[in-house]
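Listed next: structures, encoded as structure tokens.
Below are two complexes that have chain A in common, paired first with chain B and then with chain C.
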Partner chain A sequence: MSDLGFSFSLSQLWQVAGGQIILLIAGLVLIFVDLWLSTDKKPDHVATMGWLTALSFLVALWHMIGTEWTLNEIVLVDVFSADKFAIFVSAIVLMAGIFASLMSIGYLRNNKLVRSEYFILLLFAVYGTIAMVQSVDLLMMFIALEVMSLSVYVLAAFLKDDRRSQEGALKYFLLGSFGSAFFLFGVGLMYGLTGTVNITKIAQVLSTGPLLENPGVLVAMAMLMSGLFFKMALVPFHMWTPDVYEGSPAIITGFMATAVKAGAFGIFIKLLSVTFTPILAHSGQPEFQSTVNLAALAVYWKPLLWWLALITMFVGNLVAVSQKNVKRMLAYSSIAHAGYMVLGILAANDEGRMGVLFYLFAYTLMNMGAFGVLYLFDGQEGKAQTLDDYKGLGFKYPALSFMMALFLVSMAGLPPTAGFIGKFYLFAAAIKEGYLLLAALGILTCVIGAYYYLRVIWMLYMVEPSRDVVAGRVGVPSMIALIAAALGIMYLGILPEGLSQVANVAQQGLAMVF
Partner chain B sequence: MASLTHYIVLSSILFGLGTIGFLTRRNALILFMSIELMLNAVNLMLVAFSNFMADMAGQVMVLFIFAVAAAEVAVGLAILIGLFRHVREVDITKFNVLKW
Partner chain C sequence: MNAPILTYVTFLPLLGVLAILFIPQRSESGKNAIRWVSMVISTLVFIVSLRLYFDFDPDVVGFQFLEKYTWIPSYGISYFMGLDGLAFWLVLLTTFLTPITILSTWTAITKRVKEFQIAMLVLETAMLGTFVSLDLFLFYVFWEIMLIPMWLIIGVWGGERRIYAAIKFFLFTAVGSFLMLVCIIGLVYFHNQQTGELTFNLLSLYNTNLARMYEILFFGAFALAFAIKVPMFPFHTWLPDAHVEAPTAGSVILAGILLKMGTYGFFRFAMPLFPDGSAFFTPLIIVLSIIGIIYGAMVAMVQPDIKKLVAYSSVSHLGYCMIGLFVLNRHGVEGSILQMINHGISTGALFLLVGVVYERRHTRMIAEYGGICRPMPIYASIFFLITLSSVGFPTTNGFIGEFLILLGVFEVNKAYAVLAATGVVLGAIYMLWMFQRVFYGRVSNPKNEKLKDLNRRELAYLLPLVALVFWIGLYPNFFLSKMHTSVDHFISQVKISAEPESPGAVLEHHASVDKTPLSVSAAKE
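So, the complex of A and B:
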């Protein structure tokens, strides 16, 4: 940061941040494409925009996997790094983006919303999230966090005529900015204490100096963390989550619960394992010996995460049981899932980080899929929003209900689905580090969770319909997305080794961010 | 001559006031102002650090934060107007359609 001259070549920039550049250019170009399409009064220009957005995500994904993932040693361009961990999280975010843009085509049509700025906002939200997980600079993280948040605030408020959407968006905006302000205060304090905002330099300065005795470091760490807890929606920082998830357009809810959460978990893990408790400290390499004393900071954040994981799992699952609205139930369930993932972060070993990455991937598939079916049941006429409305839909819409059942079984963590494997990795990692009590309580909350997931399936198949529900029309893009999500969950449930090996390579990439 | 500690204490107090304002007031516009106060407290701290460390990076950061804060208020006010059209009210306790 301190010298404003560039220390990298353009080709390096392209190698490291090409995915972001593609998305940024696509976003700017699509604004004009949208203008051109809509003045032409083409009836399906919204669908065209949706396909173009999905294509942009695909191109960015292709660049990230083809170029950025294959870099053998880490390349840094001042504020961004192409470490494999960031690429993996970015790939999850892009995947969520592809699902969201495909499903949104049908969603916007069913709800008669002819407004294609939706897709441009989605593009910038994905761009911000990827910039955030790739950055190794606290200020860049903050700016990217805001790019992501501001786009998602607007998307949450997209249903102008629906008071719930507006209300949810305002609550999201207020608490989101409140959380960002905390994060920013942590950034400022860290800058003052260490003289830098680069996360690896901060680790070096903290470990060499007498700064660790300074309570300011703890305050800065607490501020940075609590800012992120808002985005990760951990109890007690979750107050906005149910309201926002209920009010927002269904697909955006799915996007927030997957992509935004993946981004927040990504930088949280990055901050912890690069700055506050460097994972290389115990590698035996001499240049990292000095960072060993940073491990002392783990004494502070481990008990904190222990309690957060516990209450997040319990509150999320217990409150979900009492919900009548299916969307709101899924909101509480997403809080509970965040709790399981904190378990993996708390373990702070290779298995834990691998488990979190695997779980984020699987969770993206099942959650986007569930919200995809949910928006179809919540069609234009005869909205099915509460549990009672779901009665007997299994016979009226067998294919959709089967997929819903599959996604819910995966969320409940029953074999042979991806959700089961993901939970297995997380709990195994926690048990390996000796968190037996927490793991046992966590499995107990999984059992509570299974009750309300299976209750929906019970409603779908075992109860007589109470009223006539007409689902929305399933278009080709939504069908592609739903089938891909369902197949992905089945595949990962039966053959998880491929992805878990990739996730393991990805989490080892964290050690290279030095 | 004010020392660095004075600036840190002042900006911490401002940040605290912003936090308290956010948590206790009920007018949505005042909440916006409280958030702005929190961001500007950080700006003050950054400028002070930057000056005392003779490092320009802190001042550059302040410019970035200004831009972010401006964008944030633009989006926030737009959302508030969107909600105001339905509720005719800026009291956050009246925004209660969504609850458990």
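So, the complex of A and C:
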């Protein structure tokens, strides 16, 4: 188990953290490739950078699924683990990365942005997220979180001439740092109380010692959680989200709402399940048999999550209704989706964790897809950004509009789409634990959600066009990404069992001692 | 009988969708090709579904034509289909009305023909799926899928205020059905606690014994979803808007089939699943139904718009279906089922007839017409026959349905019967008065003088409906005989379970319910 000490072989390193290594090397190599291609003189080469980035993600994904998923020895120097849960979340992040890099090729071209450092930043953002999800050490988690955050801050500010982008990025940076500081405070307190930063060891100390009587544990837990709530954008920690999402480049917004959020949810679930819930009692290790202490902690965080889920769903959905700008509307809706996922975390059962993983997967497909269409509509002449601009586009751009409608129907949680199945899993998990009232209230917010998603569709199909909108050119990479997302949503909507079983195996990985 | 005929019937329309996708609609001939494909496919569905008639065994208790495949095993969800005496007729009604409706769109829908026909066929699949599903999850999936094409049909091809009407239709239905989903999951987990079995199989869930409080709660949520669909007073306000704004075809499907989803839901799900809850709510529902009958009729009387008049008459007619269902005796329930079919035929026909003059004059205001039985004699005669059916004139189908329902209500409570019967009188008043104002007298509006009478296509879709009006009216036993067993079974399910003194009897009863259909199908195979 975790008595590997500091001696490890290179092959072990490769096995456990190969995905990260691939991304790191690819990031460094691509910096030189960029110089060699001299993309600022030859704009066409930006596309090459995009394809190479997507390829790096694909290779990392292949390694993670092929090697890391099958490992039994999963811990490396008490820092990283290749547990199945982390790999599943990493796969979602990589998938979002692939979508983002493919779509960005078209995005950068349509917006005449000839700067390929974009892709390198994207690579490091994905690398940071994966390192964060794979780490079992709070300090490492923090460092990886910062790697991710710093890359994303720069990406958010990528539209140099757009003041909204600048404003959003600055806001993101300030509030994000605030959130990180909270997290770091929590790490410090936890270390002071337990003498370790490894999450399983913290659980061990907490479950055996009388530390629970110390209110410091609760303060530390609250700080760690609030730091993550910022990244997960739960109400009332969501204030930065709309501005950042509206100001950032469309694809980056999609990336933040899926990959970054998946990473934050990943470590939140990991931390909560391993450290603050007696899930390790299922691991069979004797030192985790006494679960009373940890079970007592749930008394504190469950009501908290109950209220957070409720107000997040309500605020996200209600405020989205009054948005005129489609991108901003999707930003608020992503807050609401985070609320649905909290429902699954609150349930704290196998179904709930599985549901969150499934939902993150499905949400990545539909959200990246929606932002893909969004950037295309926001393309050339008469850029379509508000609901009014979307009027009548449905019969002008039938394929794009149909896909947009499909993604939105999936977000609204209507069958036969992945969004419906995901929502079903989440609500079923909550109902199983007896949260009938919360589920009923939550599902009512879904009706509000359905209203504003359908409003986009009716603008597309039921209203005459108000002005001339010319969509951007749909390149091959964007087309591949959009079609893959649409097919994935339909497939998972009709045959979800395969993925949900994989997700279930993945969440069982949490019950192993790192 | 090995062929999975219900699957064929349900998904055959999607084959048409696939074909239509590849036909370009630029030219007029392309549009016609799309219409023909849609027409041929939906007719084919009807022909295939006739097969059900010959194989349907009226003596079987429970369900027939069972098909069961595992779908999402980790949640006990299966692809489970079957038919009983009610679903059987509703499936036939759906497959019968769809080609008729599609035939009526030939000249009414000229823009975006392709998208329209796709929406119609998807809608047909969803409707059929809803009626044949015996797995709550599967049912819910079809139930929700149905919303989108109907929403599009109203919203894209509707009238002036189509968007308002479409979204109102959508939101009303969504509130009810989303809440129903929560209760479905709740029910499944209660069942899981009791038996250790996680399943969405309706036949197993019938056996769940819930605490009275939860029965009331869950019945309330199911009833809300279905009552909005029926629609019962006071949840009916979406209906007039949806009907007035929807294109003719949309109205026909909406009135003819979608509204029956509500009553069907009570029959199949809400009442047998939660008999105690049903008993608790029965007085309220009966009173609301009577209010609906009288209120719908009174409001229909003063409508200046023919389509709105017919829409409000639906509120009144569906009130009969509801009250018949909840008196829980054979007359009442059979009358209610028959009235569902009747309403599908006669109200469907009325909407088609309104559509005929609307296409010629582009108005539906009663005041714009008058004396048009002179330029359109055939139209006037058909309209008259359907009017008779709608007011429940003897020898027509409406009479049988209303008579049976009132008989059933009378057996239970005479005051209710008297109150409900006033609806018949009011119905005669508003229908005949409208008929008089539209058709009799002098041709007051010169625009009406040269109205063309029905052409052959219009006759082709109206005459089958007229024939059915008299078929049911003169020989109702052809229809009733298929539903006796199912109706008796339904009544015993709701009534026996409502008596908590004999839990043994409940279990025994349900055990037999569960086994019979399966063993029958096994024997057939």
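Keep this in mind: the second predicted complex is superposed on the first by the 488 of 514 C-alpha atoms of A that agree within 3 Å, B and C clash if a C-alpha of one lies under 4 Å from a C-alpha of the other, contacts with A are read in each partner's own complex, and residues count from 1 in each chain.
Following the convention adopted for this analysis, a residue touches a chain if its C-beta (ideal position, glycine included) is under 8 Å from a C-beta of that chain, and two chains touch if they have at least 3 such contacts.
As the structure is a prediction and not an experimental result, all values here were calculated from the model.
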First, second, both or neither for A:189, with chain B first and chain C second: first
Which of chain B and chain C A:501 touches, first, second, both or neither: second
Between chain B and chain C, more extensive residue contact with chain A: B
Touching partner for A:415 - first (chain B), second (chain C), both, neither: second
Which superposed partner A:178 touches (first chain B, second chain C, both, neither): first
Touching partner for A:243 - first (chain B), second (chain C), both, neither: first
Touched partner set for A:352, first chain B, second chain C, both or neither: neither
Partner chain(s) touched by A:19 [first = chain B, second = chain C, both, neither]: neither
On chain A, the residue positions that both chain B and chain C contact, one per complex: none
For the chain C and chain A complex, residues of the former touching the latter: 71-75, 112, 137, 140-141, 144-145, 147-148, 151-152, 155-156, 162-163, 166-167, 170-171, 174-175, 178-179, 181-182, 185-186, 188-189
Chain B residues within the chain A interface of the complex: 8, 11, 15, 18, 22, 28, 31, 35, 38-39, 41-42, 45-46, 48-49, 53, 55-58, 60-61, 64-65, 68, 71-72, 75-76, 78-80, 82-83, 85-87, 92, 95, 97-100
Chain B-facing residues of chain A, complex: 1-2, 4, 139, 142-143, 146, 150, 153-154, 157, 160, 163-164, 166-171, 173-174, 177-178, 181, 184-185, 187-189, 191-192, 195-197, 242-243, 246-247, 319, 322-323, 328
Complex interface listing, chain A residues touching chain C: 395, 409, 414-416, 420, 424, 427-428, 431-432, 436, 439-440, 443-444, 446-447, 450-451, 454-455, 458, 461-463, 496-497, 500-501, 504
